[in-house]
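A, B, C, D, E and F are the chain letters, set down in written order, and residue numbers restart from 1 in every chain.
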Amino acid sequence: MMELTNAQRAQILIEALPNIQEYTGKIIVIKYGGNAMKNEELKRAVMGDLVLLSLIGVRVVLVHGGGPEITDMLARVGKKSEFVDGLRVTDAESIEIVQMVLAGKVNKSLVGLIGEAGGRAIGLCGLDGKMIEAKPMDERLGFVGDITSVNITPITDLLEKGYIPVVSTVGCDDKGNVYNINADTAASAIAGKLKAESLLTMTDIAGLMRDTSDPSTLISKLNVSEVPQLISEGVISGGMIPKVECCVEAIRRGVSKVFVIDGRVPHSILIELLTDEGLGTMFLGG
Amino acid sequence: MMELTNAQRAQILIEALPNIQEYTGKIIVIKYGGNAMKNEELKRAVMGDLVLLSLIGVRVVLVHGGGPEITDMLARVGKKSEFVDGLRVTDAESIEIVQMVLAGKVNKSLVGLIGEAGGRAIGLCGLDGKMIEAKPMDERLGFVGDITSVNITPITDLLEKGYIPVVSTVGCDDKGNVYNINADTAASAIAGKLKAESLLTMTDIAGLMRDTSDPSTLISKLNVSEVPQLISEGVISGGMIPKVECCVEAIRRGVSKVFVIDGRVPHSILIELLTDEGLGTMFLGG
Amino acid sequence: MMELTNAQRAQILIEALPNIQEYTGKIIVIKYGGNAMKNEELKRAVMGDLVLLSLIGVRVVLVHGGGPEITDMLARVGKKSEFVDGLRVTDAESIEIVQMVLAGKVNKSLVGLIGEAGGRAIGLCGLDGKMIEAKPMDERLGFVGDITSVNITPITDLLEKGYIPVVSTVGCDDKGNVYNINADTAASAIAGKLKAESLLTMTDIAGLMRDTSDPSTLISKLNVSEVPQLISEGVISGGMIPKVECCVEAIRRGVSKVFVIDGRVPHSILIELLTDEGLGTMFLGG
Amino acid sequence: MMELTNAQRAQILIEALPNIQEYTGKIIVIKYGGNAMKNEELKRAVMGDLVLLSLIGVRVVLVHGGGPEITDMLARVGKKSEFVDGLRVTDAESIEIVQMVLAGKVNKSLVGLIGEAGGRAIGLCGLDGKMIEAKPMDERLGFVGDITSVNITPITDLLEKGYIPVVSTVGCDDKGNVYNINADTAASAIAGKLKAESLLTMTDIAGLMRDTSDPSTLISKLNVSEVPQLISEGVISGGMIPKVECCVEAIRRGVSKVFVIDGRVPHSILIELLTDEGLGTMFLGG
Amino acid sequence: MMELTNAQRAQILIEALPNIQEYTGKIIVIKYGGNAMKNEELKRAVMGDLVLLSLIGVRVVLVHGGGPEITDMLARVGKKSEFVDGLRVTDAESIEIVQMVLAGKVNKSLVGLIGEAGGRAIGLCGLDGKMIEAKPMDERLGFVGDITSVNITPITDLLEKGYIPVVSTVGCDDKGNVYNINADTAASAIAGKLKAESLLTMTDIAGLMRDTSDPSTLISKLNVSEVPQLISEGVISGGMIPKVECCVEAIRRGVSKVFVIDGRVPHSILIELLTDEGLGTMFLGG
Amino acid sequence: MMELTNAQRAQILIEALPNIQEYTGKIIVIKYGGNAMKNEELKRAVMGDLVLLSLIGVRVVLVHGGGPEITDMLARVGKKSEFVDGLRVTDAESIEIVQMVLAGKVNKSLVGLIGEAGGRAIGLCGLDGKMIEAKPMDERLGFVGDITSVNITPITDLLEKGYIPVVSTVGCDDKGNVYNINADTAASAIAGKLKAESLLTMTDIAGLMRDTSDPSTLISKLNVSEVPQLISEGVISGGMIPKVECCVEAIRRGVSKVFVIDGRVPHSILIELLTDEGLGTMFLGG
């Protein structure tokens, strides 16, 4: 605990008041991934943030991926991965591992951590209540899926009952096939369908920067209409392009504000939502 | 604002989490009076505390007195006060002034301040919904009343609708007479009837101290069964005796914890409820 | 009690049946003022009417002024009033008295009388739940306000919980200033926002009359479109002009029927609503 | 309409206020029969009473018989009645007529009259929702039944939806047999099961009188414990004995007050419930 | 019971699953008449079907006629019928018999049979809750009515409380007159107002057939736009014309599917709704 | 599909009616395991049964194990199992596999199958909403757990929202440790806490038999008080002893009826619940 008087602590709580007022009763979708999901301390900080938000009346939905854990497990069962256009070919044996790792290990462990932090979570995957329906993205990739529809009822039902829904992004089709779905895409689709107040995407960067070597060039606020220009200028490039496109898509589907935040900073969620000055880049609609 | 990083601010919010969990959904009655009601800055700090607590799901009830304002107004209309056993004789003309000042000026001004701080309050007096019924305490005192019954429905109705009920302690009988009721007594009776989690009495002392000149002798926790001994030892004396008796009475009526807190400290309510270490004296049942 | 057989009494109850059916479940706003508020007997008759209406399922809202009581109290504290265009200049000291008298004395005393008559009332002013927001009407007048917005939630919340809301018409702005609001104007704005079935304005006249010396010239029913003509003819004149304008405004905001009734007649409210033949003047929309 | 001023009419409504307050929200069962059911004017007066009571929040249940109509119809189809101990032997052909007359003619006609008077009624018989289960009272009597159980759910379901349930007292067993049930007995059983506030039995007498030729000997109030004595004294005799026994039984089952009222007086129900002085005999528990 | 193993029984339940899913929660109106209402075995089969449907979550409404019972009863009271254009002249004496037979005998007996089969029914006629309002169809016919308005609240109120409403089709006007209403017309109007999923009309034919002597010419499915052609071809003729017009009318009022089914086949309702292949003729909108 | 006429199919549905009536609205817990979980056809039959039951208003909870899948997966990652007293020693690495296989593979695949069969399921494990809390059973066994408390809120919340909760039996403690819990034990504890109407345990035997080689010695009904005798006689022996003890325990905790049914028979659940004659052994309380 910091060396602060109780009076100072109270003062800080009071200063958070207008921000709490802004978010209370609203739905916030958090796309969880990157370092914030690997480092144990960051992980616990995130869970604490979720529980605090939930307690002060914010309706929190957590959407997570789990690439590294999948890679580990495939390795343990001696499965070698082939890649097409940078995407892993996912055969029947692999998708079973993907489902198991995402919905059984990563998802339920997050649920457990939220429980330890004093919150009430239930872990869902796209099979629960037929939440995420999908079809093959590309025949060569096997069970890698594109979302065909999102049914948010299981999420809203759990929010109504006071739970934090934790969502792992495997989908299914009506023949019983399971698909691995990109978590950024799924988070964007879910946030859009929920007409969430905000979508926060946790990344391993400080936000969009005009010059990545110069933190002072951080773009704090961005209209989605400016994105194509920033891509053409190379400010948004590489792996950030699809992430940013998910942000843009979420805005188009009716999310009010989308944030790319720095998951490497402890409590980056609370800092973004409950303090006056945000950390990363906020996308707004035009 | 304090010179703290946002990360430190988030950390402090997180550290308040277990305390928030303890109070969320619970009813807290605050007996407001003394310096915290005179000093403008302290007043605004109290209103901020109430709004924050209300926002994080604590159900707050504010009960206030208003002795100094009554004295002022009686003076302005040229009314001289007579006293019997230290209690002001309250004739028909005076009780009208008392009702006007408490229910019209003090009460509604507090309601207004809560509104400015972003909260939603409604001001009640004992006449609203026949909340406080009373009878004359002593014929010589005129319209000074003893409570005969408390009907908490108006308070619980407002809590259900999300308001902070602000209560001024005038009562009535079924003949239409109005009585001035001691605010400590009324707060204790209301908290008891509500089976409140806590009653916080704001005073102008740091708490009960074995030696008032030595802050290190503060009694942080006290079983109500120890009170008679402390009175006989003179640790509790003078004007604190009736205040402490109201605390004891509240515990007897089913309030879990009763606090005497130092209203001269800004944000003493938040400090007591949301930080690890309290400020004043806590009474517990045996 | 009248010398009637019980059978006759039952017969009269039965004859009121169609009128009761017309109003049950509907919202009725009563602007209370004039003699009906000064004479003790008339006062009790009004309270009885409200309680009866409330009991048979009419949702009653009482809006009151209190000019004479304000004048009295200002006199008692030795405050002299200045006037501009017939409106009292209200300085900071005066508005405090206005708030105290209206919200503390008049309002809560009416609440008490309703309680004595067997009803359940709660007294509100414009500060409660930020119900009436206002701005200065004219700089020369000080704290005399024009309504900028009406938030009827506190009223509908109380109606839902079964209370008779009693409203005193002081308003506030977001800087904490309090304003004296004309009660006719406030009643009209509140009735309009509530989409009330009826607004009844109690006055000290028998209704609009073409010739005030001849009761047979009473105008029983009036389309609001006829008002300008009646003003130009001098049938509506003096203090009745702003009152009638409030009636017209209420109709424009969606109130179905507006009545000017004679507050000097005991039970004029019941007579207007529950007997076949009304007393005063009814305004209807075109 | 009576020659009364509107002010007098309002005054009378006001005088009914305390009585309305006493009954609002309470369940009242009315056993309807005798002259009040034969005379068209009395009939309409009863329906008006029911609708008024219903409108002011009393939850009214009407239970009726229909002896004379049954006798008429049996005669029309050329059916001669045999009697055992004063009770009509009811064979299979007769019970069909009984059901048809009670549930189809009398019941639905009453429902229609309530509708005309502005109320909302639904007609039930003991077959609806298996409300009244019965067994043969005496083999010699055929389909004359004793109640074996009362299921009040259909009645409370209709009360909740705002209807006046009108009940004709035929019962059934689980083999599909239908039975004619005495209406006084059924009303008593239903009122008891509903824990009704009051049961009013409409008769063709002014109430119990010590000397039937002297109206001044009317017994206004009676403790059920006094009944055996009155029977042995002959004050209660003949056909009144079973009626009074039903009253006593209702009190034993938890009805607060049972009244024998004079159905020949128009509006006797309203007079009993809404005016200060009752008409007939009130039974109370000891 | 059929000679089937339990496994085969379970298999058959499972095969009904998709059909159950299609109808669960939907409203089905059944127009009951013809042989299915005369033959005791068929009658019990129908009641069983209703109770099963109700139990698996279908919201069933039964509308019935009763021509033969009316004819019988009129004969028993020695009433001779006159006919105009094939419709019985219904005088005041006759309509009383009609009401009694339909609402008292047929209706309540069906309610009783549903009760015996384990269901919960309440019998309504057009007088209950002023459900069916009517006017004379033709002065020469007396109390034969055309529907002027249908108020479905009594039906939806009973469905909400879990009952099967059983409706006999007598109507009323606001002067207290009662009218005999054609049951096919009433069923069509009620189904339309309820926006029912299906209306099933039970008849004594196998469905519409191009050649009534050749079952293979059964028309299984029909667009209502084809009806005029079929009438002009004589495929629909005689008494089937008004029945088919009611079917067409129901589709026009918003019923999704209307069926003419063969009431002579036991369990024709279940067969139509819960097995893959229907029995009669289905009408669909264009 | 069987060669049956539609009439016969309808007849069979009707014959299931009394059994449907018995279970509608009741909670049924199914302990799923053995062959019924391995054979694809049996699996689909079970899912069909669950969906049918759910559709006709039975509130179904599925509790499953997954021993064979765990063994497979441990083998695939090259993990050798050690055994103590016949129970697998479960180290940290193994429990991770157990959680992954049960909560991620088996559980979610069942959820998917229910979805395909037209039902709505959500998969839970003991971590969700802290549903199953556990402690080590025996230090030598590692993360094999004994239940310390069951919190059924997540199950009842999902039942209320219309889902079939599918439960995999891993538990947790408040330090974040995960435990493998015996599925029979968990099903018994959950059924007891839910006060379920029935618990059905699917096994690979036809039921309890006095002579396992003679099907005619099947014990159809058993009072739990007879169990000790049957154990001592060797009728219940080996692996059936703990299974039967779970059945006895469920009865003690308030489940009305517990069944051991033959999971090798397709649709054994429906046969047990919806046909007249059960298949296996029913345990009842004394």
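Basically, a contact is a pair of C-beta atoms (placed from the backbone, for glycine too) under 8 Å apart; a residue touches a chain by one contact, two chains touch by 3 or more.
Here the structure is a predicted model, which is why all the values come from computation and not from measurement.
Both subunit B and subunit F are touched by A. Taking the mean of C-alpha positions as each chain's centre, the chain lying farthest from the centre of subunit F is C. With centres set at the average Cα position, the gap from subunit D to subunit E is 35 Å. With centres set at the average Cα position, the gap from subunit A to subunit D is 68 Å.
Per-chain Cα centroids separate subunit A from subunit C by 56 Å. In subunit A, there is no position where the chain touches two or more neighbouring chains simultaneously. The touch graph of the protein chains shown is a ring with every node of degree two.
Residue ranges of subunit B in contact with subunit C, taken from their complex: 73, 76-77, 96, 99-105, 107-109, 111-113, 115-116, 120-125, 127-130, 154, 157-158, 160-161, 163, 170, 172, 174-176, 178.
Remark: subunit A residues 1-2, 4, 6-18, 20-21, 24, 45, 48-49, 51-52, 55-57, 117-118, 265-267, 270-271, 274-275, 277, 279 touch subunit B in the complex.
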